[in-house]
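Here is the structure we will look at.
Labels run A, B, C and D following the written order; every chain starts at residue 1.
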């Protein structure tokens, strides 16, 4: 007999563990339930000015949460690795100036105290989705975690990774579909749009979509953002840059602030059709 | 020097070959351009009564084109293979009764005369997407062809397959995204929703989505149909059965006629938001 | 109740249907059982001289079966489509001159009589693996069929496709693993080497490997051919060209005749280690 | 202009950076070059007795390096997580008793000192292949690192991950192909056997294969191990258990010690054919 536990692999994450969908409140913004939330900002924080300019633009366009990477996981060690602690400080300052909560990626358990001080939502990137020692520590904190699906991860594995966090006591986990690796190579990854309704059947946690990393092409990002809203996601996280050609990271997938404004008008229309509120 | 042709692999299919999007007219229904079209019906024609009952229901719900398989490609030779010519006759009769054009799958060049007599749109299934002798013959006919993407086919190969048909002189090809094979196994296939805007950039041909085969699960089909509309598809082809548990083929992915009615109300809302007309 | 047949999907193909592995005899060459067989030749027949020169070289190197395409399935309709009937005639003539049986691809049911007259083994290409009308007709002939796995086909589907042929009465089917579509793009496809022992567990039919199409790179073809032998395959089918840079089709994956000679020496060594006879 | 570095993404890892293949010496065993090395042992250390018994058996069979997990990354937080520090102590003790170096997985930077004290080779698991903060720290140590390819990782990403380690100053990295995620589900993963010769073209680092995790089925592990040797790998890492049915982790993929003995006899034969020495 194999002695491994035979119970449901993710009892706390499972839909049956809650009577209603989880709603996560962060500085006045509620994620989940009937709400559709826009998280937007640059791929990487490049300077205080760059961040401030983009943050003001996405705030004006209607985004409620500011995204921006201070620590950047990069395939090559010679690529820009982020402004690190300096970047976190800019995020904190501009978050306070605009009264707009901030999400940023945590790459290692050792940075948790620093992150807790500067950001409102800690993002676990696709490459760290099964960094179980990190997940266990994030179960002990009291700030929300945005957990991205790995490019080679099955839905069951994403739910198992979330269970590590909930098991530690942190109930505030947001799941994020950001594209999986497939043979199709006209896009950077293949957005698994079906994952959204499948996850909604399996878990009470909010589910958002990242159309920027899924495609790597800014001109099709708006169409995918609309699809994400129509399919029932609780929000999107999207990269915006005011000068994509000069971006230090992933410029080709960034929307302009003007693109974002036009997109949000349509998103509001679709949210209304399917019965979501825009926050 | 390699002596193969070095020109664009699909010059006739390419966006640049036309000044505007291709519109395909079939018995009063226009597919493509600003129109959003619903094709619906059973996976397989099982009997005259079954087909009639479902056809009336989908017609009433707002579908404009009736789908139904007379020849069924099945993984196992012991599975139901379709009513064959008898099925085609029922399709023809009910099409005329309801004044509703019909799409059905062609599995071999030898059936072309029979198909031309009974159906309005000839469907090439995913398994035959690169049956080049069939594609060449379909280039010579004067009825529209609905070309489904193979589960292992890249977008470039879908366009190359369409080029075989256009090269023969038949300009009326409708492309169909129906899911690709990936490692994710909670769904039957992975709907490559990004393929829709990518195809729209590359070709002037109409692009529709098949959410039924992509997922294999009727309860998430409506969400994917809404996503298909939001992302910019020109229509959907969806399986409907009035008694899914008794279906001879793919019952688990069939919507009920009531599901379809509710879905179409929402689709109309989304079509309006993104500037499509509902036909 | 779903009325589909609930029996094993491939009873004739299943290992349990036979007391021993199927051996297929073709003009004095036995494929399957303890035998390891080399099939080699050009991707496409380009001219009588080209075919003769390559055929003599592979025959001298130790190949027992000559391969060569007369009808070529190509992604683009503008690529070289093969010499067609002329190519078949050259195959027949040179086969007789060298007393070496020939395998060539059948693309449509209409060509069956022609193929039966000219070739010894009829190959079904990866793109036609689920062309069920073709498979049914090939069940009625009395020559062996080489059935290639589709790039998006699961192992169960390959076995289901073979069942279509056996069900018709033709017991002589050779299965061929030739690589599947995955996210890895340094090779043309990903050779699923595990498919060989998996198939050996599930079926009594011979299983060979095509390392040329799997990789698309001639310099790693020999290593994969050795792996195919070590893993237990019953043979390989490999592309050879005496002037790869001038090849009308897939030159980049062709071995030179000298490469083949060196490869066969090593294959004989490995065959001996694992208890296979070299024929 | 994008300001990212435009140089080769992995200059230190690239084949061109060295005049010959890297050889890694660990306690008298040389990995790489002409040597073929067997690493074997249980998936997880379960007790001192279990480890000792299996270690003695694999040592007797001819394995040169002992594998065994003390910290286990598991999809579910409710699965056995390993004996942790206790497991490391057993590895150290038995390694000394048998004079057999040990490889074990490192899951977090915080465990590095502990690992350095107890094991000879630090393994980075597939899920941590792009845990860049871990990779950077491993660049600073002076023990070899066994870097497993992620199930969703391209070959370029594996090389990029290795570059993070070499850039820190640690030149002793062993790459390991252990299967990638594909649509084929008869095996746990799809062993990308082509990755071995491809990696050999691109890098001077040793490349080994893990047939146990690639397949998840002990009865086909030997065939894949033979293929790995034939294709040119520098060794294998294989799971062995003396009571697979009772294993706390992955019992279904473990060989028995007797299986390993029989396998090694054949591996020696194949190594000789392709010109490798057995160490």
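Convention: a contact is a pair of C-beta atoms (placed from the backbone, for glycine too) under 8 Å apart; a residue touches a chain by one contact, two chains touch by 3 or more.
None of these values were measured; they are calculated from a predicted model.
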For subunit B and subunit C, the touch-path distance in steps comes out at 1
Residue numbers at the subunit C-subunit D contact, same meaning over half shared and different meaning under half, come out as same
The C-alpha superposition of subunit A onto subunit D, two copies of one sequence, needs a rotation in degrees (nearest 5) of 180
Max Cα-centre separation from subunit A goes to chain C
Averaging C-alpha coordinates per chain, one finds the centres of subunit A and subunit D separated by a number of Å equal to 33
Expressed in whole Å, how far the mean CA point of subunit C lies from that of subunit D is 34
Whole-Å distance, C-alpha centre of subunit B to that of subunit D, is 47
Touching two or more other chains in subunit C are residues 152, 154, 156, 180-183, 185
Contact graph of the chains (line, ring, star, complete, other): complete
The subunit A residues in contact with subunit B across the complex are 152, 154-156, 180, 182-187, 190-198, 201, 214-215, 219-220, 223-224, 226-232, 266, 269-270, 272-274
Interface with subunit C, subunit A side, in the complex: residues 181-183, 185
Within their complex, subunit B touches subunit C through residues 1-5, 7, 9-10, 73-80, 107-110, 127-134, 136, 150-154, 156-157, 160, 163-164, 167, 180-181, 245-249, 251
